[in-house]
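Same chain, two partners: subunit A is paired with subunit B first, then with subunit C.
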Partner chain A sequence: MSHYEVKAGPEAFLPPAAATMGNILPDPGEAHIGGKIVPEEEAYEHAARKILGAKVPTIFPGPLVLWKWNDHVAAKAKAIRELANEVPMRLIPMADYRPKYPKIDAAVEINPNHPNLTIWHNKIDVCIFIGVHCHQANLALKMIRASTNCYTMAMCAMAGHEDACLSFRDADLEKIQRLTAAVKKLKAEGVEVQANSFTQFQMDRSGFVVEPVN
Partner chain B sequence: MSKEKIQICEDLADIMPPEYHKLVESATFGNQDRGWKDIGSSTELIEQHSLCAGCPESIAFRYILASLPAPEDTVFVGSTGCTSLVFPHVAVHNIHSLFGNQNAIASGLKRTLKSRFPDVEKDVVVLAGDGATVDIGLDMTMQSWFRQEKFTTICFDNELYANTGGQESGLMQKGFVAKMAPKGKNFEKVRLPEIAREAGCAYVALLTVSKPNRVEQVIKNAVLIAREVGPTFVQLYTPCILEIGKQSMEGLDEMKDSESIGGRFVQKEYISDEAQKLLDSIKIETKERKKAAKEAAKKPVNA
Partner chain C sequence: MNKQVDLKGKRVIASKHVKLGQKNRKGQTYTDVNDIFYKAEQTPNFLTGSEVIKEAIRRASVGTSVAYPITPQSEAAALIGELYAEDYLDEYFRGESEFAVMGQCAGASFGGHRVFTTTAGPGTLRAMENFPMWAGSRLPIQVCVTCRGINSPLSIQPDTLEMHYLLETGMLVWHAETAQDLYDYILKGFIVAEQPDVHVPIAVCCDGFFVTHTKDTVDLSPEELCLTPYNPYESPVTCMDMEIAPYRMMRDPFVMKSNYINYSTHASWQQEIKAAVERSRKHTIALLDGLIDEHNSDREILIVTSGTAVSQSREAIRLLEEEGIKVGLVKIKTVRPFPYEEIKRATKHAKHIFVPEFNVAGWMAREIKSTIPDNERVYCGPHVAGGMTMPSEVIVEEIKTHLGIKTAQNSR
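This part shows the complex of A and B:
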């Protein structure tokens, strides 16, 4: 069993990939917290506590949930919005994986090639990846762990991510809704939201409809 | 083939940056008559790129992407080289293959798409440099032609390995001295269009990218013939201005010089009889469709 704990960084300029340290991915019905395999139910509560205890909790939806590939994806997008509204959490999209030139607007988007810019700019302390392709998520999660103090979570539709501080696997619509339910439950039990107040930005083809206010 | 495929989820649309809204609303997905003339008036499938200023390859990319008959149903297969630096910026599905392996990947992909989507025409287009096509990948390239795999192969011919500093390639002209080929090339430029024809390509074209209308026609021909008849090959001269000692503004002149009479890139096409029949029928069909559209537009609205 591995003793390498995947913690929020900053860890090092080049942290090791958790898999190389012996960390393994959870089996179906399980998740991992810091590299330790736990029952999925435990991870929902842990994730919800992390989200509620954060100053700037943020969801990074990826291309797999931003683009309407099919109706199931549209339902997932709706569930993500519900989760964001319930906490409330910021939503910052990772619409594609281009290394954008001359630079990305870190206030309103995140890029897997330099995700630390968005984390630093917005002072994000807890984030959750949903709908990001695994190879790009692995890259970004490791970079975030290297150079920021952000606690990372991954809602992975496949086998999960060793390099996240907490990872679910086989994430579908129901699992997103279960995370929202876990947040609701904790709030009902009296756990208070620590998030700073903010205004979620909104954009259309001409630019900002609502500008972000932190 | 329809624009409906390129949509943003409604519940998260308001967090998407403007460029994505523009892509969905103003790109030419689903437009049967899309072409190079849409550049400048519609949102392009490539906006930014990471190539050098004035690089003819970047122009070639714009023309090719504007000319694809159905970009929403097209998958590019690329290989290592300057082209691979651009694919991350392109709003069309693409796969990066191992160096030289692109036609082998495309063969499997085309067959799989045919099996997975039997009712939809999915186009596969290989786009690689001359090193990947002619040197390292010639085996895979030719084998795919021998097997009559139905996809298009486009070769960006800059006559050397530009991305790695100017080594000699099979498509380099005889006697040319490059930074990493100081003695000059001893052999003739490989006659790839002729090889492609003999290897079984139904349509082969060689040209520069100095004239967008020609590039558009060739790309459309190649993709449409590959759907119905068999493999097609397009060799485009996209000179590397850095490696041949030119300035950013001189790429166009270089292409024009090379396509003038007696030049290496005088436009040529080989079209098989079957492919020619197909092109003729497409021409008639397009003419009739446009005529009908024109007449429909003339009719009063309340008639």
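This part shows the complex of A and C:
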């Protein structure tokens, strides 16, 4: 059977789930790039290069790292902020999975029911899912592949995602830090950050504390 | 279609559950499934299939089981009630109907319990709406389906037509040939269905009466070992709640507020369930030693089937061998995921492929026909239905007739 390469779209009106095309998830110690199983070490550098080469690299933190439901999660959230600061990358949360009505505010949130709207609005060309429940991540990853040209990556705490262009598995605190270290290493070797400048928005219950500036 | 998963002798990933090695309230030790089946000594017991279900559930760390009577699963459901009385389960009760039972199972599973139930025939069909709901909600509930006739006039006897209705529900569907299979599949089925990348329900099917009500020698793992518990924190979805973020799915069902994007989400959701079933291959192959078993599959004449039709075929092959007719056998263990590539490979050299089935539709033959090249090689039969037995001699007769070999029957 021919290898089904998972790459940035737009791929099709309704692309297939990569698992139904025969792609399998990595085992512990492995990752996948484009559907090909590779040693995890190889994926760190590949991911770091993708991030540094992007105009609008963005992290989508999900509920599993946005809410402090245990101490480990708090440490992970801090590590994610460090990664974002190191590049720098935008942080746009997927705070919950409810459909957004009457309409999503695509500048400050992403939702698994229409993730392409956030990608389009912010012109995101590389993104990382962290802390999104696997089912919802796979939904969103397929839809992003369907209709956007965004290169998707997943730092999955479970078994990984075939529907991302690149996926780690068992992504704990250490693995997030290793990705940050890979970014630092490439920068030290002279790889320049291609990201557009921006101001990270901040909100509280009353609205913006810092408005996004692209 | 799937590609062949090469496991290189790998086992399913060992449990890291916090309770691994600890004792439960019955003094059983929570043990990794690999150790239960591949390290612990298995002891032969002479049991009915219903008793085997009980013994599997005794070792399965099940939280909730819901029962409703319908032949031929009633005895198994009652025996699980005995386990509850002995304090092996947290919850056990009788539902109001099969539909209610499956809804109650969903509630228990949403709440984080490992859930097991049994049903059969018309009960399976009455419960049907719940099965794709379970799958769509990513609930790894196990239902043991003891297949029987579903149609009017009533038949309580074995018939596998109900399995056909389960094929596109998004559940894993495994088909046990023997009571031994049934024991193994129930315990291993929980482990595969609960993998975080799978996490869909599983129907462990067997042919009613032939398996449930006959005694057979079954190797059981030690009673003092039990599976590690279900870990709801490894679920690929949040706990479903009517009101509270992040899910609040029931109040905000995206399909009801329709526009293009919403339907795209729904399509992606359905794809994800199919993907989850596909992902189960890796774990299933490791635990069941492949999705199919093969015996002399390089022969020109093959029987490919599942369930007790396999047992009848084994004897038919022996009878044919006595007459110098060499026939190979492919036993299908999982119908979902379907072993497309495995069957394609195993039937590569076959000129005649026979598919004996205990149902009038011949759904298994259709599945095989849609899988392999040159599918005119597939002969859909012999069939029996409505509770008829399938004597091995009938299989022999039909094979010989199709091959143009004279028999007392076909030369009349």
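The criterion applied here is as follows: the second predicted complex is superposed on the first by the 212 of 214 C-alpha atoms of A that agree within 3 Å, B and C clash if a C-alpha of one lies under 4 Å from a C-alpha of the other, contacts with A are read in each partner's own complex, and residues count from 1 in each chain.
Here is the rule we go by: a residue touches a chain if its C-beta (ideal position, glycine included) is under 8 Å from a C-beta of that chain, and two chains touch if they have at least 3 such contacts.
Computed from a predicted structure; not experimentally measured.
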Subunit B and subunit C placed together on subunit A: clash or fit? clash
TODO: Scan A:K36 for contacts with subunit B and subunit C and give back first, second, both or neither.
DONE: neither
Who does A:Y97 touch here: subunit B (first), subunit C (second), both, or neither? both
First (subunit B), second (subunit C), both or neither: which does A:I80 touch? first
(Q) Just to be sure I read the superposition right, which of the two partners does A:R49 touch: subunit B = first, subunit C = second, or both, or neither? (A) neither
- request: Scan A:K187 for contacts with subunit B and subunit C and give back first, second, both or neither.
  value: neither
So in the superposed three-chain picture, is A:K123 touching just subunit B, just subunit C, both, or none of them (first/second/both/neither)?
neither
Re subunit B stretches 9-17, 99-107 or 243-251: the one overlapping subunit C is 99-107
Subunit A residues where the subunit B and subunit C footprints coincide 95, 97-99, 101
Listed in rising order, subunit B residues that touch subunit A in their complex are 6-12, 14-18, 20-22, 25-26, 48, 50, 88-89
Contacts from subunit A onto subunit B in the complex sit at residues 61, 65-68, 73-74, 76-78, 80-81, 91-93, 95, 97-101, 105, 108-109, 200-207, 209
In the complex, subunit A touches subunit C at residues 1, 14, 16-20, 22, 24-25, 27-28, 63, 95-99, 101, 112-114, 116-117, 133-136, 138-139, 142-143, 146, 158-160, 162-163
Seen from subunit C, its contact residues with subunit A in the complex are 1-3, 5, 10, 13, 138, 195-197, 199, 234-238, 245-249, 252, 254, 257, 261-262, 264-265, 267-269, 271-272, 274-276, 278-279, 281-282, 341
